[in-house]
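You will see subunit A twice below: alongside subunit B first, and alongside subunit C after that.
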Partner chain A sequence: MEPLLEARDLWKIYPNGVEANRGVNIALHPGTVYALLGENGAGKTTLVKILSGAEKPTRGEVRLNGAPAPATPRQAHQAGVYMVPQHPTLFPNLTVLEDVGLTLRMAGARLGRAGVRRLIEEASAGYGLAVDPDARVEGLSVGERQRVEVLKGVLVGRKVLFLDEPSTHMSPSEVGSLVALARRLAREGRAVFYITHRIREALDVADKILIMRRGRLEAELDRGEASKERILAAMFGRIPEKPQPVATRPGGEVLRAEDLWVPSPHGGWALRGVSLTVRAGEILGVAGIAGNGQKELVEAIIGLARPRRGRILINGVDVSSLAPRARMRMGLAVVPEERLGWAVAPGLSIWLNTALPLLARNGARLLLRRGRAKGIASRVVELAGVRARSLDQPVETLSGGNIQRLVVGRELEAGPHVVVAMNPAAGLDYSGASMVESMLLKAAARGAGVLLVDEDLELLARVSSRIVVLSRGVLTGEFTPPYDVDAIGRAMTMR
Partner chain B sequence: MGRLTSIIAGIALGLMAGMIGLLATQPGPLALPRALAAVLTSPGLLENVARLAAPIAVAGSGLALAYRAGFITIGSEGQMLLASLASLYLIAYLDIGGPWSLLAAVLVGAVWGLVPGLFRAYAGVNEVLSSLMLNYIALSIVNYLVSTSLREGAFTQTRFIGEDKVLEAPLALGIALLTALGLEAFLTHTIPGAAMQAYGSAPRMAKTYLATSRRIILQAALASGAAAGLAGYLMLTGFQRGFTAMSTTPGYGYMGVLAAWLGLRSPLGALGAALLFSLLATAGYLLQPQGVPGSMALLVQALAVLATVTLLSRGGR
Partner chain C sequence: MADLHGIVVAALANTVPLALAGLGEALLERSGRVNLGVEGLMAVGAAVGVLAGIHLGNPYPALVIGGLAAALLSLLYVIPVIVLGADQIVAGLALFFAGTALADLAGAATGGAPAPPLVGSPWDPVAASTLALVVASTLLLYRSWLGVEIRAVGESMEHAQARGLRVAQIQGGLAIAAAFLAGVAGAYMALALHNGRWYSGITAGWGWIALGLVILGYWSPPGVLLASLLAGALLSSRTLLAAHGVNEAIADMAPYLAVLASLLVMSLVAGRRARPPSMVWRRE
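And now, the complex of A and B:
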């Protein structure tokens, strides 16, 4: 059978050097539900953006019904290809009717208000998507907005429907009916493409499970042959037989978090009473699926977010009320999740980006001595093996891997007691990732306590002295080597 | 397109638009280059250019700093007004001149400039809006004082400072140059200056490693306010000399905003842009008797800035 949507040898290389898609081949047939699984940073979103016309590939092409695929979302809508975004993007000051009508009109439908209303009511009743056409969007909950988005997908995505993490804002029972809806839409002849990182959901919904890893489609499993074990193996790669945790004997406690409660921007709690300790010389891995409180945990520990309850101690001193810089003076180092914009400031030179945080940490207040700053920067650049033409070049002209070397090198330069790192190797090629890994191991060997929050279980298993699992804002398990990846996987999806 | 090319092209486009506008007038398009040449060759008119440029440059330099820190205030207008009124009070009513009246202006500008900073730092209020509103409040305060306690005689106007108190043009320009150099040095040779630039480009990076948002925003608000205060002093002692009741603000602070953007948010660049603006404005005065509307100079300025910024943004894509 001819595929509906087909992509050959898709490459997407972003200007910062991140290779998000590396030679992806994919063919979507009508009447089939596909589930796309993969870690954060595996390239899922990029792939879907390319397939749905929102981004252009660096190389390769997408064809719809044998013709070049739509190049913009609007053209895609007109061709019956629709993506339901992970976070609803409706106009808050319109009614549901107006918002849906606008989308339909942009997709080429010529309908009056009454026609739109009829369509909404039919789809609403026919597919069990209860929405009130006259409600204003701003008065709806996120879950209700998501339902409106799915409704739009039903109306516009007549041929191919992409659902990007559609269950993010849904309760378990809603997820059940969404899965049923996706299967029904496929039976009616559409290709449905369901992106998720929840393995259970993928197994429930999909005819075919696609697994992405480091920009490539790692595996394609039929419904019958897919199992949690096979999926985990493809998602995270093979766990080495003999993990090599840090050899040094852990020393005294350097970081302690007690009963942290942090509210979520989406309402509710992102962290619900998390407590952990990191001792000198050890790497404590925090495993978990993205969006389960990892970011909030990191922000609370470094001081960018104030927990509602609980406290944080560095070397036994309560730092809960201190600003990040003050915590850094007490020996905290931070390797954030995002490189450009959080770890370094684009537009500023390599030497400023390297020396300024170190000088601020050393208590420099007024004068910025260029000679001294450049000396610091060139030492870090050399030690971390950053490949730069000149210290004066803007930092964003470095590749992603070189920026990360610079950041990790800078953060370890000050001889920290505590290192907090979040997904430090994400998006890096093999050599960059192993460099980061060995730098963290070296820091621990020198006596720092490392808190490594990472979605890459394989990496965690390689370097961590202990692993705790964060799921829905709670620590759901603690593991010691040798690691049982199945048990960790189960804890990751535990409620 | 490079940065310098963008500026030159932007200015050229602005001048061309001005000349096209002149097509509809009696003197014709060549009147503009003729007027510019006349200004450049007359020492008296050049003094005028310098006196006008100094406050615009100083306000623009301070704004350039704030804009680098991502603090997009347009409050220099109101800060200049209140500051120059403060100087006027000291000079013309209390007979305290020289450095004290300058200091008072800087202080008043800084305090008024701090207000939108406080709003942003503690309540998250957008500074574009709050500083604009504060300009209207400043205008009302000045008008109120002009028609009440500072009123002099039958008309709603203040005393005016004497001819002898008017600042020499080279001195005014020297103060502007020193300010621009000082702020430039602050940005490149101090830790808080570099932190401001980092904050402007990547707030999260600066918040994590360098300083709190509040500290950086308040520093930027204070510095730009103090500069606008100094600009107010230069405006008063350069050409304003006193106040009558006004229906709108004089607009030199807004010119500072334009100068900061045309100068690519660099204090020295703002000085250059201010000189250009003053040159254009003075040429505009020369053309007014020939039936060219006074707004022509403003049109050229606005178009030059718009064109430059557009070219630069396209280049940055």
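And now, the complex of A and C:
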């Protein structure tokens, strides 16, 4: 059968010399779901950008139905090729109808508002993607925005639909329906291309699993012959070690939150009376779908948001009225969700980014002793296994995984009593995520209490001593190992 | 009573140039760009408008010519900022200085002679057109797909570009249209509010006031019109206060204090729906 979309000997070499794609051959057939797996930096995103017309290859060409493929996203949309981005790029100040209409019109549809509404309602009902056309985007949760993006994919990607890590902001049951949707769209005759770093999901969704490594397509496995072990071997060249949970006996209480009430920026309450305790040596996992109060919980504990009611104690001391820095001096370490700008300052060197926060914790000094600061930085860099050319290079030139190693390593260097981490492994590849997991486990083994707020239930189940579930601003369940993942998933959607 | 009637007429006449200039700038800012050169554009509109009025003997085409002159001058903003990516704040300020100087150059050519004045009545065709423009631009922004595109560009130029929207054309087109309106506003000030006479500094900082009215009107055409009505009334009340023996300095201050107070009230009253476009004032 003739392929729908075909690429031969694709090369992409960026001006800085990075060879993102090195001779990729690929052919997508209608009626098939492809899953693309690979580490961060393997070249997945570059490949998809080229295939969907968002970037031009340095060499090689892409053909759609035997003709040269569209060279811009707009042409691609007109030809029925659409990419659902990993992070929704909707316009917050528009309504869903306006945003979807903009995309449809760019794709060549001559529609009025009523026509757009009808299409949204049809696709919404037909494919089980509940969206409110008149809702303003900025009032939607990230998960709802992603649903709108998928809906646009259904409407515009009539021939080839690319989904870039579409499950990033979804609950397990939502991922289940997304997988079903992808398979149904393929049955209806489209080629569906599903990018993910979750092996389980790839096995569920795909007819063919493609594995990328260092810019090349390393393996192409059919549904029947793929297994987790074969995939891992192709992704890494070997089967990487899994972090082993460390058995510890929890000690005294190091963090206590009592009856926290935090208002939501959208009106109402983001947290409605949340109480929890973390003891030394344990990891308390907080599960939940993004937008259910996780951010506010973390902000309240580290001191960025002031709860209307309730209090927070670190080592038995009420810190509710203290600034973040004062809390850090009392033994609080923070691994925030956003790395750049929150955990590290882009533009500054690795050594400044490592040593300054540590030195600041011991009280501000007038003069910065460069030698001492660099000494601290080089120790952290070495212990955390950060791959850097030099301590002087700007921190943002490190890969995401290396930045996170640096952040976690730095925070643990201070010997904290309490570690608060939010989605610390998000966006990292398998080896980076394993590293972060084992560092958190090590911190707990050394006697810190860890509060791990994460959307990845599998990760939580691997490392947590206990798991609580946050849903709509209240804790809806507490679980102990062995974990019943289905029950946790149900608690995540409880009201 | 005649006194009051005079004040109302003056207030409405003041509203016209403020609303015209503010409306254009509000549309431009909705697309994510700020042009600080409104005052310079108005000055050029005033000088060229009077000059054209003297030569043509009719104030209406003179208004249009004043607007066209300002639109031409706005290329000094459009080309560096929107085509070449220069800083919009610097370019806007440069436009203000260039416009003020060019206006003095053109205005000197009038030799102090008056152009045939527009009768500054609230029922003149310019006031009616201003009102029609407010309605039309509201429909444009909130009911048309072009309006959706404008608001999308103002929210994220990067995402708009990625979607294939013609960001530069939208912003450039609005910048030129806004400059045209500012030029007409300047010409109106000279031809209607100052009886067709030009003098240096005739726009009296109203271009800067218009920039403030965009914020006060929350970047929406009806909001800008309301804000302009308020400012127009306040600017004419200054004369009234001074005439009633209120201290000069306090009378000078009053309009600005009132604007501050109303800004506060508006920001409390306006919901989140009325927030400013997020690209505006951003310097990338």
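A few remarks follow.
We take it that the second predicted complex is superposed on the first by the 248 of 495 C-alpha atoms of A that agree within 3 Å, B and C clash if a C-alpha of one lies under 4 Å from a C-alpha of the other, contacts with A are read in each partner's own complex, and residues count from 1 in each chain.
Quick note on the criterion: a residue touches a chain if its C-beta (ideal position, glycine included) is under 8 Å from a C-beta of that chain, and two chains touch if they have at least 3 such contacts.
Quick caveat, the model's predicted, so the values are computed rather than measured.
Shared-chain residue A:Ala114: touches no atom of subunit B or subunit C. In the superposed model, A:His77 lies in contact with subunit C only, and not with subunit B.
Touch criterion met: A:Asn93 reaches subunit C, while subunit B stays clear of it. When the two structures are aligned on the shared chain, A:Leu352 is found in touch with subunit B, with no touch to subunit C.
In the overlay built on the shared chain, the residue A:Ala67 is in contact with neither subunit B nor subunit C.
With both structures placed on the common chain, the touch criterion links A:Gly101 to subunit C but leaves subunit B unconnected. Shared-chain residue A:Arg136: touches subunit C; no touch with subunit B.
Taken together, the two complexes place no residue of subunit A in contact with both subunit B and subunit C.
Contact residues on subunit A toward subunit B in their complex (touch as defined above): 302, 304, 323-325, 328, 334, 336, 338, 340-348, 352-353, 356-357, 359-361, 364-368, 370.
Partner subunit A is touched in their complex by these residues of subunit C: 145, 148-149, 151-152, 154-156, 159-160, 162-165, 272-273, 275, 277-278. Within the complex formed with subunit C, the residues of subunit A that make contact are 54, 72-74, 77, 89, 91-94, 98-99, 101-103, 105-106, 136, 138. Only residues 188-195, 197-198, 201-202, 204-212 of subunit B touch subunit A when the two sit together in their complex.
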